[in-house]
């Protein structure tokens, strides 16, 4: 059985495991004060072009999102997100659990538009009773989005301009950041992205690590006592070295980007394969998640041999399905799919 | 520099790393539905003698404690703990962050007594205004305690009896459980412990794993939708295999207990060493944390060569210090300490 | 200046003030244990036809809603409401502040439909990843709605049937309950309403009281320790007599319904007036809130003499405005409006 | 039956009721934008000698305390209070419900000392692991305390000096403020108190109002969007006039202080009575709450005729009881007690 169900079906890039083995008995302080974490911080800052950034390494995505959001918002504020934003739908209410509302706006292919954001903010402050309502306190977007789509540089600049006009921090959830940046459709660099937002994450879990999300405050603008907030949110790992070693390895010699590129190359092959066999795309994703309208015949042919995720059933018998490639997907897996696909 | 500062200065037991390497490219579902996690659950249930237990694998200690406590309490309830309980002092208010008070009681050598617990509960319900107060909703103890001490079986039974009389679940925080069970002073087995509490944890982080705490509800009594609560608390790992593999390895062929035993053996050697050189013990700990009254001369002699944790300065110039051994402490490290200690 | 801006511009029905004066020096226990509160409870239970109901008297609407919702939900649950529901929009995130998501569904004229509710619930449980999402835990509707509209008995029964199928409690926010029940369009009695929901409120603030919302659990189904939860939410009044006296007076000799009827009579006159002068209704409300499309000429004519609330500006220069009548609105006020309106 | 059980057994000062009646049909905006509230604000600012103060009128004490504390603290902070502080014991965990720990210190006769506060703060920052702990974020004291005792001006200045050294806001809970200020033992004026703290409350509920607590930020230092936070906490009254009228009346011609003085005069008579009959005082309270060691014989003599609150039973058969006088206590009530007391 080959699985394209998601991008976290396998362990870690072998270099990470080698490094864990090699450093295993070295004694280091806990809670992120080890030398691996320090080195990872430096390499991440260099890669982002932000020598003054504050960097923190947390364990998982939902944890990271809710810690960032709860810490940056005041009690009277909520976080603005697309209706399909991960925090709005698939994080079990983790943001609300911290006391904050997710203020949802319409989306197109998973993306929030600067226009919709501006219209919402204008409407909010035009409403005479806005002080009876939840104030917008920050803006959350994901890059790539939950649908695998990407914001263009111009779109991000437009969103950033609206955020600045309303003094709202912009948070970019980069759980799959590498897969965005390595897409041929991406017109923005990591450094440019860092310059356009107030906080962003660099996802490790889905891009070659066993676990781990790096949080970057590009301007050294981490909220006061963020360390304590990480602890309070249960997100502080005693053996911080586990995260330090992983990110240090991923940001050595560009490994993070190389392996992200592999996922994109395989995804493009996979998309080309489906298109060439006459399948319709549910949407044209430029990243590692591909959304296909799969026929019943194809589903039958793949049954028991290739796994993928079903998102929705269509009235015509087809299904919207997701095939995800990853840092570990091999050309052989694509070939096997090709051999089975009608 | 040899460090006895804590029991999480090194990575993981080599067998864990070997297993991570060996299984690395095996494709498995996420969120704890992998076969390693399933196997770990079975082995843990067997070790605890609780075939019907519910088992969950979480990442870190504070996270685990606050998830368990917040999920088991109703809004009008707090958790009863010793004043020195980890949740009361060193978890950055994680329990309060979930909306619940930690109701603290006096401690002796880190332990809560059944008498104090009973007196508090009697007093609470005797107070005419108790419905203006936070109701006791569960009892938290740690085994070993934050001072390395252990409850005897009789003490645990007495606490359990009070809990039962007041229908309060008993939660045993086993962040260092192995180091408690393997102490020569321990008169209780894992199976007996499981029979005496409503939920307990088996700490991996401090006993040979890179990260991970197993949560055991011995009677299959996990709160409804505990999985979703784990997600909401940011405690659900996408690559659950990381936890599954570690606990599966630790509970194969008794590895968890063997390596815990190593820490105890080294700790007893270390204690004997200090005593033989005439140092006073701050308290007589039977587990891997040893609390010594270190003289200034000794501090000077060890300076730069042996690290430990300072808890408190005494007026006479001595300091209460903690030396912690671990699964990875070697006889050579004890010998090196012996060579340096005046 | 005559104000139709809302239904809380004036004090209390004179009989309430008389009663406050008459009982002022009578010594009574605090926290709702006074005889007035006991009497109010009995009269409310009788009026609702629920001799076994649990009744609590709280102070304000947002407070009451968030106390009820937070207390009835488990942590993994949210409350389902129409997008226009008061809790979703105008309570400053009070529900989210307690850790719970408001799960919003489409609305028509402020109303939730049984079909939409059913479709959402079916979709939720059909989604393979629902345990990563916020569970629906109760259903909130307002009667009348925020747009002054009413559910028919059949609509309520249909919603209740869906709730029962999914074991979801139904909460009816009756901040303006009297104005709903006294509408000529209302086809349900208070007793029938009580039989169709699991908890509802009887608004006093907007129907003749200085403050106060009665919470009724018709089947005696108040959550455990609801009193303590009321205290925890800061909703317990030391001088509970203030609420007891008010509700006792309102539920003596049907005062609540008589004065609610006055508001409806005035509202119908007001609506007829606008219609007769050729104004369009934004929607045809059967209760005390009337939504008119007011022309610029009319706005000019009323300027400085009649106050109302502007909800929205239309592109054609008109505005959606709200005129609210109340228990205290007089025929003279309607006549004065009539004299001014072009 | 005469009741001395608490200071909220009766309604409101008659002038308040007269004023409610007189203004009843005057139309005013809701949510505290009425002219009565505006007038009350001005009078309170004048009485406090703080022309630039921010004033808010809330309904009840627990609500007010938790709204202030939750709004002024950051998530990583807790509030420091005496172990006997009302927020620590008798508010059903309302502070913790907002996510914050109450950091308790020892008390003497209900009072926190500057020395204990300083020692705690020094110890906190001297602890190497303080960033794993809840940061002290503000200091809460009550004036008078829960035991009826008062801080001297020097004690308040000393506490304030420690607060300033650590940049901690000082919050004075004045639920019974009038009874403190009017005590013969009080050596501080309202203006001086306002100058010594960052926020304080002026209790109405216990000093002649039906309900209501005024929150004063003396330096105009209300937290941003405090209005919205009041709404979020369910503490915003639609008919703000109810609070406005009450405080406006209480602060007209010094009524608040006159009626507070009555309670003190009666309390001193009551204390003298008990002392003259040979009863021991549990502590020597200078305010309206008197704590007496009541003999069994006295309890028997008063049974069914005079009510008071029992705090604790002593081994010798006596009981610590509280007699509270109020703005409404009459000389006749004291005389009646005198006639019955053995």
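For reference, chains read A, B, C and D in written order, and residue numbers begin at 1 within each chain.
FYI, contacts are C-beta pairs under 8 Å (C-beta built on N, C-alpha and C of every residue); 3 or more make two chains touch, one makes a residue touch a chain.
In this text the structure is predicted, and so the values were computed from the model without any measurement.
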Note: of the two pairs B-C and A-B, more contacts are counted for A-B
Equivalent interface to A-C (more than half of contact pairs same by residue no.) among C-D, A-D or B-D is B-D
The chain whose C-alpha centroid lies farthest from that of chain C is chain B
Distance in whole angstrom between the CA centres of chain A and chain B is 33
Here the gap between chain B and chain D, centre to centre from mean Cα coordinates and rounded to Å, is 42
Averaging C-alpha coordinates per chain, one finds the centres of chain B and chain C separated by a number of Å equal to 50
Listed in rising order, chain A residues that touch 2 or more other chains are 75-76, 91-93, 97, 99, 131-133, 228-229, 231-232
Contacts from chain D onto chain B in the complex sit at residues 75-76, 78, 89-93, 96-102, 128-129, 131-134, 310
So, in the complex, the side of chain B touching chain A is made of residues 1-3, 5-6, 8-12, 14, 17, 20-21, 23-30, 59-64, 66-67, 91-94, 97, 205-206, 210-211, 228-229, 231-239, 241-242, 328
Counting only contacts in the complex, chain B reaches chain C at residues 70-71, 74-76, 99, 131-133, 135, 224-225, 227-229, 231-232
